[in-house]
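Labels for the chains are A, B, C and D, by order of writing; each one numbers its residues from 1.
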Amino acid sequence: MQQLVDSLLGPQASVPVWVAYFGAMLAFGGLVVFGFVLPIAGITTWVERRVMGRIQSRIGPNRVGPAGFLQWLADGIKNMLKEDIVPIAADAPLFKLAPYVVMTGFIAAFVAIPFGGPLIIADLNVGILYVTAVTSLVVVGILMAGWSSNNKWSLLGGIRSAAQIVSYEIPAGLSIFPIVMLAGALSMQQIIKAQGAAPWHWFVFENPFTFLAFFIFFVAALAEGNRTPFDLPEAESELVMGFATEYSGMRNLLFFMAEWGNLYVIGAIVTTLFLGGGRLPGGLENAPAIVSIPLQFAVFFLKSYFWVLVAIWLRWTLPRIRVDQMMIMCWKYLVPLAFVNLLGTAAWMVVFPSGLEAMRIALFALAVVLGIAFLIRVRYHLRRAGLRRDELSFNPLAGARVPGLG
Amino acid sequence: MGLGAYLRNIKDAAVTIAEGLAVTASHLVRKPYTVQYPDRLPDGVRVQDTLPFRYRGILEVDLEICTACLACERACPIDCIVIDAEKDKAAGGLVMTRFDIDMAKCMYCGLCSEPCPTGAIHHTPEFEGADYSLESLVRKFVKAPVLAYKPKKGGETDPEIAPVLERGMRYVEEFAVNAEGPSEE
Amino acid sequence: MGLAGFEVEVQRHENGGLATEDMTLSMGPQHPSTHGVLRFVVRADGEVMKEAIPDIGYLHRSIEKIAEKVGWHGFMPYTDRVDYVAAMPCNQGWAMAGERLGNIEVPKRGEYCRVIATEFSRIHSHLLSVGSMAMDIGAYTPFTHAIREREYINDLLEELCGSRLTFHYMRIGGVGWDLPPGWRDKSLAFIKRFEPLVDEFNDLISYNKIYTERLANVAVITPEDAVDFNLVGPNLRGSGIKYDVRKDEPYSVYPELDFDVPVGRGEMGAVGDCFDRYIVRMREMKESCRIIRQCLAQIPSGPVIAKVARNFKPPAGDCYIRLESARGDMGWYVVSDGTSFPYRCKIRTGSFSAISIIQKLSRNLMIADLIAVIASLDLVAPEIDR
Amino acid sequence: MARPERFGRGSRLNANEIHARLRARFGDAIGDLAGARRDNFCATVAPASIADVCRFAKDDPELAFDCLSNLSGVDYPKRGVIEIVYNLYSYRHRHLFALKVGAPRDNPVVPTVSCVWAHADWQEREAFDLLGVTFTDHPDLRRILMPEDWPGHPLRKDFVEPEEYHGISTSRESLLKA
């Protein structure tokens, strides 16, 4: 941010530099929240519903706007107009406050999340630490909601959420450490700068341990975001709607906005830590700001949003794990493995102070091979289903087949 | 739990989850199956037209060919059909003054259309029967007293009734439980 | 201990742990995974249940009383409503009772039509069962895939008998309608398409690690308990007892057909756990496909219904009919007093016996497991309450 | 684990053999063999000894009726009895038999068999609920399908439906009245 303001102001500025910084931050913050965070959360609901529809052989929302694209706005307006019901036995102040706490926890994370290139509200030197800290605020809000609803299902959901988020902070944190060690900094921008533009120069392929750390972090992040297979706090088939059971209208929507917004946060953090952020190859980064900044933004956004899609895809594939299995998975699988990664990365840094290029390329090749094997498996499933040509379509917005049997 | 089992668990989880993801990914390129009833069907198609001939929708009575035999009224297990018919010498036969069906009660079982000798009472493929009051779901077929139909020897000749009867008999053939099907005692 | 006025009296269990108070949860009658209108009064300590007491009767429509009022033919559409998820076997049970009492021989073609329709009904019921089970465990996609295939079966049955759910296909003495023209090819095409999709369903969810972990070793029913509580059908076979009324007490044309009876083998845990009951249903769908194939190949020509008086009056007597419905051995105890109205009809359904075992199973399960148990026993509320 | 000898094909007895075996043990408490087909062979049992008969039928290795397949009550106002029909089935030997107990209509009391088969518990609750048969020593004899405060027992032939239940009308006027 500071760089950007500096470059815009030039060397002879007429206003004190802190005023310029402050103003730029407020403007950029407002722009980010209202121009990016809220729409992205809303649009993600549409994307999720379209993807899920397709996975489930359905169409998904297709009535409001072109291909149903404005469905999220319609839903938002509907929810704002709905009655805001506070149960008579609820602890009203806490009940009303809870969605805002959840919302705060999620929006505050955007302060330190980069958007590619110099675009960041505040490049805190404890950036990643700050993000993990503020996202934990969500658990307070969910627990408040669960308790104040005065409903046993809500309470169970809130308690589950507390246990889940607090536990999964540990493997998530432990998987961030190897990256911090490699980058030698906590600042998000510095972490990105420590990586290269080529895929094998990303931290995920740095060594086998960071490769594993990437998966552990992604799983733990999904758990912190209450996404399937870790959607136990809401667990519709078990707890009705968990902590949000008693909520209606806008307050209910705020919880879900936080959930979908959080998806993007997960994607952005993953991109920053493991996937080289918005780095551009060769000289493109030194191109004029008008070219490089949008490009960097686009690269960063696409990488982040890919992981949003992956999270959606996972959600509509996997069942939900049980609460004790969730704990077993965290403490018996993720935490020990995360420790192994931490120590392994440290050892690797001692043995190969500047990394091992062959290992980077080998890991990248491994990822490519896995991807191709996966695609072959997809083809196998398509073949086995014995579909006719007209039952297939690569158009993401394809309409339905002609009704009728056969 | 030994290390082997520990690693096998991780491997199983990764492989089976990837398998599930491959299945869902393969659905991303399959066309949806949704029939967008009622407003986005292909041009000229009504869902009612795609329903099979045997579809049991809302009941309809062709009074022109109703013989007022009361077989349907007797067959109905929930008594949702009421027919009033009396002999009228002057008119020359049975005169129906009432043929009401309570569609709010009807359970679309088809027991009434089975014994009908002419196919006068039959199920249509129509199923959109929603209305604002229960009373309006009672279908009254007799507007003014009407003479019951009497089958003529040598087939129907009246050009107005013949096509109706033909449709009715087609219906009877399809729905007749069997050629030698249930008969009266 | 502690500050004056803030003494906390810590109660301890005999075993030294902190004493906690049980929580009573009322699960249902409106709950997303009670499959109709069921209620469980759950006594739980946190997430772990001490006991779940089933409370039924919310869907009681007194069908057995109605039977005494509507006559032999008129009751047939009501049997559709006994178990509306698989209505064909209920139709067949009532028709068989009438035929047994009235000494009516059903024509061969009629019997084949019945078996075809019943097996389609079994597939369509099992699809709903496995689909909703996956949904209760938290995976929503398998449910829509199952429902998609179920719609095709509904289309086929709609063409066969004019209705998608409450079929009223069978009559005392046979079936209402012969197979429509072209129906045979459509059915064969469906089966050809459907069988690989069962494998796809298995790949998508059945052997998913999370799913098997959720089901394996949960609520294990021993074969002794299964018989004692009179569990039937897939629930009984899930406990490892190879018993199928179609095979062991053959009726209709089942002796002429070749099919296997899948039993639970304890692949993922103990024999008789939720996974076994689930996988038995998956395998039964394929067996049903086999049966339908054979039937469509072997079906003789001829009438589909015997001559039965419209005012049917079977001689006085009683009979106990057992047949394999989608939820297993369904018992019809029917008494006739020689009039045109049945004297008494008692329907013993699979879900009724299955739900009574839940109280015994529920001890020390987690709340999330109760959902799995309800789904794995394939409880259908209308069938419990009748 | 399923033990094949426990639930496999044993030696199936015919109805005469089953009846003779019960007769030999209980004498006059067992009535004559009735019924003509496999599905309705039955014998009447004196109400007081039904629990013992059932216990014997389950434990006797030759009979081994390990499953209570069905329990139904039938109201016979003309004979003044409520008949309880126990359809027994043996998974071991694959044979089927019915026991019938006639309980006086004005005070139908029958010993419970829920101690013999767990399934009898709910079946007896249902018979109690719908026909008003009291099963002595039943662990939990409550109504099961009808509400706790429902008047009368609906499956009795002389049951008259109340006009109202808690102020809710139980019937709707026909829309087809003239």
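Following the convention adopted for this analysis, a residue touches a chain if its C-beta (ideal position, glycine included) is under 8 Å from a C-beta of that chain, and two chains touch if they have at least 3 such contacts.
Remember, predicted model here, so these are calculated numbers, not experimental data.
K.L.:
Stepping chain to touching chain, what's the minimum from chain B to chain D?
P.N.:
When the steps are counted carefully, the minimum from chain B to chain D is 1.
K.L.:
Of all chains present, which has the mean Cα position farthest from that of chain B?
P.N.:
Between chain B and the rest, the longest centre separation is with A.
K.L.:
Measuring from the mean C-alpha position of chain C to the mean C-alpha position of chain D, what distance in angstrom results?
P.N.:
Here chain C and chain D have centroids separated by 23 Å.
K.L.:
Roughly how far is chain A from chain D, going centre to centre by Cα mean, in whole Å?
P.N.:
Centre-to-centre distance between chain A and chain D: 61 Å.
K.L.:
Roughly how far is chain A from chain B, centre to centre by C-alpha average, rounded to an integer in Å?
P.N.:
Computed value for the inter-centroid distance: 52 Å.
K.L.:
Could you state the distance in Å from the CA-based centre of chain A to that of chain C?
P.N.:
Inter-chain centre distance comes to 42 Å.
K.L.:
Multi-chain contacts only, two chains or more: what residues does chain B have there?
P.N.:
9, 17, 19-20, 22-24, 33
K.L.:
Can you tell me which residues of chain C touch two or more of the remaining chains?
P.N.:
141, 148, 200, 203-205, 208, 210
K.L.:
Linking chains that touch, what shape results: line, ring, star, complete or other?
P.N.:
Basically it's none of the tidy shapes, so other.
K.L.:
On the basis of the stated criterion, which chains touch which? Give every pair.
P.N.:
In this structure, the chains touch in these pairs: A-B, A-C, B-C, B-D, C-D.
K.L.:
Where on chain B does chain A make contact in their complex?
P.N.:
6, 9-10, 17-36, 41-42, 45, 47, 50
K.L.:
In the complex, go through chain C and note every residue touching chain A.
P.N.:
That would be residues 23, 25, 31-33, 46-47, 134-141, 144-145, 148, 152, 155-156, 186, 189-190, 192-193, 196-197, 199-200, 203-205, 208, 210-211, 213-214, 366-369, 371 of chain C.
K.L.:
In the complex formed with chain B, which residues of chain C make contact?
P.N.:
My answer: residues 70-71, 73-78, 80, 141, 148, 151, 158-163, 166, 168, 171, 173-174, 176-177, 180, 200, 203-205, 207-210, 303-305, 307-311.
K.L.:
Using the touch definition from the top, list the residues of chain A that touch chain C in their complex.
P.N.:
Listed in rising order, the residues of chain A that touch chain C are 52, 55-58, 152-153, 156, 159-160, 228-229, 231, 235-240, 316-325, 381, 384-386, 405-406.
K.L.:
Considering the complex alone, what residue numbers of chain A touch chain B?
P.N.:
Its residues touching chain B are 51, 53-59, 313-314, 316-318, 333, 374, 377-382, 385, 387, 390-394, 396, 398-404.
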